[in-house]
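Down below is the structure, laid out as structure tokens.
A, B, C and D label the chains in the order they appear, each numbered from 1.
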Amino acid sequence: MFELRKVEKRFPNVRALKAIDFEIRQGEIVGLVGENGAGKSTLMKVIYGAYQHDGGEVLKDGIPVRFENPRQAMQKGIGMVFQEQSLIPNLSVMENIFLGFEQQFVKLGVVNWKKMAAAARFQLAKVKLDIDPRIITAKLSFAQRQLVELAKVLTLEERVDGDLVILLDEPTSVLAKEEVELLFKLVRELRSRAAFIFVSHRLDEVLELTDRVYVMKDGEVVDHVVSAEASAESIQRKMVGRDINKEYYREEKQLPYDASRVLVELRNATVPGQYSNVSFQLHAGEVLTLVGTEGSGREAILRTIFGLQKLVLGDLAVKGRKVESFSAEASVASGVGYIPRERKVEGIVAGMNVYENITLSQMGNYSRFGFLRIGDEKATAKDWIAKLSIKASSEMADCGNLSGGNQQKVVLAKWRSGGSDIILLDHPTRGLDIGAKEDVYEMVRAMNADGAGIVLIADTLEEAIGLSHTILVVKDGAIQKRFDCSAGTKPSLFDLVHYMI
Amino acid sequence: MPNLSFRGGDLQRWAPLLVLVALVVFFSMVNPNFFSLKNFARIGISATPPLMIAVGATFIIIMGSIDLSMEGAVAVCAVVFASIFMALGGTLGGWGWLALPACLLVGAACGLVTGAVHVGLRIPSFMASLSMGFVGIGLSLMMTGGDRIRVEDPLFRSLLTQRFLGFPLMVHVAFVVLLFAWFIQSKTTLGRNFYAVGGGEDLAHASGLNVRRVRIAGFALAGVFYAFGALFAVAQLGIAETATGYNFMFVSITSIVVGGTALWGGSGGVWNTLVGVLIVNVINNGMIVMGLPRYVQDGVLGLLVIIAVVLSTDRKSLAFVK
Amino acid sequence: MSFIKDFIEKETLSRRNFMLASAFGLTGAAAASIVGTGRAQAAGAIEDPTIAWSYRDRTNPYWNSIVSGGESFVESLGKPKSALVHLINEGSSEKSLADVKALLGKTDGKLALAIDTNDSPNARPVVEAVVAKGAYVSTIWNKTDDLHPWDFGDNYVSHMSWSDVGPAEQTATILFKAMNGKGSIVGLGGIASNNPAIERRKGLDNALKNFPDIKLLDYQAADWDTQKANSIMSSYLTRFGDEITGVFCANDTMAYGVLEALRAEGLAGQIPVVAYDGNAQAVDLVIAGELLATVYTNPHWGGGITAALAYYAATGAFKPSEEPHEHREFNGPTILISKADAEDFKKKYIDATPTYDWKDFWGPSNGPITY
Amino acid sequence: MNLHNLKKHFPWMTLVLLALFVGILDPNFLRLENLIDLAGDISTLFIMALGITFVIYIGSIDLSAQSVANMITVLATLLLVHIGAFAAPVCIAIGALFGFVSGLVSTRFKVPSFIATLAVGGIALSVGQYASGQKALYMDATLREQAFGWMIGTTAGLPREMIIALVLLVVALVIERRTVLGRALKAIGAGEPAAVASGLQVNRYKMIAFAISGAFAAMAGLLFSVKLSGGSPVMANGFLLPAIVAVLVGGTPLTGGVGGVLNTFIGALIVAVIRTSMLYLNVPATAQQIFFGLVLVGAIAITIDRTKVRTVK
């Protein structure tokens, strides 16, 4: 029903898609997996019309088509559910659903809001979401927004003849377990209305949901398997092109921490509305993981340690000294480094090159009387590029053009080269492919070995368990349970979930 | 708890109006003459042309762009209107009325060109509109050779001279135009699309919205309102000239922001702009009414504008401000 | 017939140039080589200099009249109007100076410049730049008191200003008389630091001394701007209400704004207003009785004669340094226009532009500038 | 060298092409002496633009520069009588103070810089008007010569103001390229959240950027008042838009993070060439604004590097 034949896409210096063959039949759910940079997102953009292919052909119902923009793709029944935040926050839900297609509600130039609301309710019912369509989108939860997004794409059903193809780009990455279940149930039910292309890093989910899976690597489809017959390991091997080390989280390198050296101590720390009565110690060489759902208060704790949020009650002591004035600058000066979740926004400065990014937090070390010693900066950057095997053409490369994993390495290098020994990791592996994740785990162990303490908010519970010495389960702003997580005594997933919900 | 914060947000929304009320109360206390129908009518007259211009620019700012071409556009509209008006007999009684729609069309054309330059050449609106403003001033100069065109038709001037409920006709007509703007803002697809573009341009584009067309349409629409502003300015002074457009650029944008429409787009609207324009005009009128020396007026206006904006910005919701 | 006149004129000029050149003879050449660049031309050495007028803007009737005079002069030389180069500074002293220097560069000093320098401090650098290039300049309105044409030899030809104190006093007196010598007035001034704004205010103050029963309620700068004057006037109406029985405006364009503010309240023609500049529209308003009086400064003549002075000095038709001081700093003509003579005035100066002899440099002028 | 790499060279290529174009129509234009004069005359405007560059570089805008310069022409003239050459540092400090206040209002109270600087400019205007007694003031010739004589005249055939401007350019360039401050400003312009998360005191650096802009505006005002030997509260009128245009035409976009002071140098020269070209091309008086606007659109369309700017607003 929808088919790509030998599709090519070139960018200056890059052949992003090489002779892609891809097919989806009515009512199918097809998976699309691959490491970052394998060409998944380029392929998706070609499918929904954001990019135009340079070679080969795209066929809908056997007829060659060419989409100049997403709107043309939609008119052929191809819709996209974006990974995050593709709804416009300041508009109402119904306006978002019918954005660009308001004409059906317009009479003599006037929009009939009642009619639109009724139509929106009809769409929302398809995804089983019971909200007032007039509500401003910004007020919805993340999961709700995801469903609105799906409802929006499903409007194509009424609008176009023929069958729908809906792309789901990492729809589960920020959803809680039960929300994922709900979504999957919905997608299965909707098979009667549309075919789905499901793009995800989570192979277990891909195998669970889809009928077939396309595996991409280096701009090519390297494999194409039937889900029921495939295993996560085999797909992973195809994606990476090698075996995944059994010791994924480098547990064998986990050494006991130095309990005599307390780096950070929180005592009865309270920020009303965020968390209350939180106490813990972080030691040299320790990975301490805060586990909890989104909004449980773990981010706020991290922000407090970094000085972005002031404590209302209780104490924070960094290396034995009580923190009086909360500021990021003071925290950085006392050795705290922060690796934020929003890597592209808060982690690196796109438009600045590698050495500028690496020294950004510690320009004092590379300057005298306010003047920078650029030679030293470059030397340090070269050092760390080698040390962390950052794939960049040189220390002069623009960080905005690096891949996600290499950007993350630059952020790590920024703090490590500055001698930070208290590292706050907020979802450090989010959106990274397996190879890059392994690199991050490697670095975590290396930092531990150097005596650094790490506060981690992990991407998955497995990651939390694998990396930690200590796990604190946070719920509703309070620490519910402390798990000792030293090598060999690790708790199970179930143990954690029990206290989380 | 969330209920309470919601009410806080609401208070912020009404802040510009409260500032306006506070200013009126303050000036009335200093000089009771301020609080009179006659003075409100005077404020109404001086606020009418800038209101029209600010309303037009509001749509642009909602889109997250900026328009600095109003001085040129107003000059062109005023001069074209007066030229046609005089050529067709110089009175609304005769064929002269044709100059009114012609003026609005010219305004739309000015905006269309600015929008097309901005979108077509992918030049930031700041520079595109600034440059087209120069071109507009130049065009009006070419048409007039620098002379003034006097429009003395009593019928047209009745916009200023005839009163209804204590206010000149132009104030009433402007209010109707304002309702029209509100209608566009809230009841039409185009109006809502401005908010979509301002709320997230790439998202809107990905949703299949023709953002380029919305942008150009926005500039053309703004041009129509500049034309209204030009008409009222001519009605107010009886003169159409290149200088008819002067002083409107910074005043209108200041008014928009003071009214609570954010420069980064996606929020606010024409009612905010009405309040903002009134705040600025009340301050200007009030400073003279209370007898402040001319040389401190610029400074006091600056201070009050800062205070008004501070009060009406929800600072907690902003990560940072450019 | 003008071509005959031109021919004779050219003949005289070139003969004179020839004579001057020989008179300069070796001394001139030696002087030039000492100066170094040889660019500082000897007086009268420039054949067919570029003629330029540098002024504030094109949107003001006053400057348009100035320009029309300049063009009329250029036409008297048998050249098209477009031969006059316009330097418009848009109220920016920086642009004014930069434009002059650029034009000096382009013409390599073969320039006869008439200029209002926009702000009085700007006059000195402009004159210095012109003199350094050996070009010729005549200024009007704005210059500092310590800057004098005679300190610069021939190249700074002349400065014309208008003594506005007297005429402004006259208009104020007319206003006060119309008010029967009692009541209260408000005033609107020009850009506060402009010379004419200051002088016109002084004229008002002088008149006030003679009328102790007239009270000046307030006087604010409206920056020569119609719209600003309009809103200030309407605010005055709120502040002072019926107290206002007369309005003094420092120029016509502001008076238009004042009149419209009055018209909006049905008060046009009921409160006497006086203005300054004598624009066509103002004269019509005087005839219509809405404006009590205005003062004509004959910008057409001023524009033409200033260019003529610079031009003829450049071509050597006369030698400025041989002229007395009162021929190098002098006041322009002022004609008071009130209801009685407005019709006559309009016929003579507005409906028909009088033809001027652009070689009669000082005929219509009004005595030397005194400090 | 592909088109992408070429893009960052577009500003100066535009300048050269513009200059050559005028030069072909009138070879007089390209005489060295003429070009030096041209560059010299744009100096004051350029100095102001240089300061504004720092503010635009962090993604804000400074509309107070002209009013600050106006005020400084008055204050410099007044102070000269009392404290002689010390007027210079005092004026620069006052300018920096006004800039700092703009920055404070913009960062601390989260008022958009467009409005904050416009308002602070109003305050500067009031100060200037009050201090001047609302008239034009003149410097005493001897005092001016003693205190600031070094600012005017020529050295080795170059106008001194141009030399001053070049020195300031070098200073600004060093600040931009070689100092912690410059690096911090770049980070703020290119990615403010990342700068915050790196522990930079973003607000302080922003305020410093505004203060620098104020200081440069004051220097422009000071130089201008010395050049004109006086001051008045309207003397620097007409500086603001050309100065901002110079920054933008040079290739520093309003979104910040890209471009810099060298770009402004090119931009100021482009503005000078466009302005002057009207004389050389005999553009009629009434068409000058149209010409300026159209050439500006053309220049901007060529010089901005759209690859670094995500959406064009």
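The rule is short, and it goes like this: contacts are C-beta pairs under 8 Å (C-beta built on N, C-alpha and C of every residue); 3 or more make two chains touch, one makes a residue touch a chain.
Because the structure is a prediction, the values reported are computed rather than measured.
Colleague: Any chains in contact with both subunit B and subunit C?
Modeller: D
Colleague: Which chain has its C-alpha centre farthest away from the C-alpha centre of subunit A?
Modeller: C
Colleague: Going by the contact definition above, tell me which chain pair has the most C-beta pairs touching.
Modeller: Counting C-beta pairs in contact per chain pair, the top pair is B-D.
Colleague: Based only on mean CA positions, could you tell me how far subunit C sits from subunit D in angstrom?
Modeller: About 32 Å, centre to centre.
Colleague: Could you give the separation in Å between the centres of subunit A and subunit C, each centre being the mean of its C-alpha atoms?
Modeller: Centre separation, subunit A to subunit C: 71 Å.
Colleague: Approximately how many whole Å separate the CA-defined centres of subunit A and subunit D?
Modeller: 43
Colleague: Quick one: subunit B and subunit D, Cα centre-to-centre, how many Å?
Modeller: 29
Colleague: Residues of subunit C touching 2+ other chains?
Modeller: 58, 67, 192, 221
Colleague: Counting only residues that touch at least two other chains, what does the list for subunit A look like?
Modeller: Correct list: empty.
Colleague: Can you list every residue of subunit B that touches 2 or more other chains, as numbers and ranges?
Modeller: If we look for residues of subunit B contacting two or more partner chains, we find 141, 145-146, 294-295.
Colleague: Sort out which chains touch which and give me every pair.
Modeller: By the stated definition, chains touch in these pairs: A-B, A-D, B-C, B-D, C-D.
Colleague: Any idea which subunit B residues touch subunit A in the complex?
Modeller: 1, 183, 187-189, 192-193, 195-196, 198-200, 203-210, 266-267
Colleague: Going by the contact rule at the top, pick out the subunit C residues touching subunit D in the complex.
Modeller: 58, 67, 82, 85-95, 97-99, 101-103, 105-106, 108, 119-122, 124-125, 144-146, 191-195, 198, 221
Colleague: For the complex, give me every residue of subunit C touching subunit B.
Modeller: For this pair, the touching residues of subunit C are 57-61, 63-64, 67, 192, 218, 220-221, 225-228, 230-232, 234-239, 241, 256-257, 260-261, 263-266, 281.
Colleague: Write out the stretch or stretches of subunit B touching subunit D in their complex.
Modeller: 63-66, 72, 117-118, 121-128, 130-139, 141-142, 145-146, 201-202, 250, 253-254, 257-258, 262-265, 294-303, 305-306, 309-310, 313, 315, 318-322
Colleague: Can you tell me which positions in subunit D touch subunit C when the two form their complex?
Modeller: Those in contact with subunit C are residues 26, 28-29, 31, 33-34, 37-38, 41-42, 44-45, 129, 132, 134-138, 141, 224-225, 227-239, 242, 272, 275-276, 279-280, 282, 284-286, 288.
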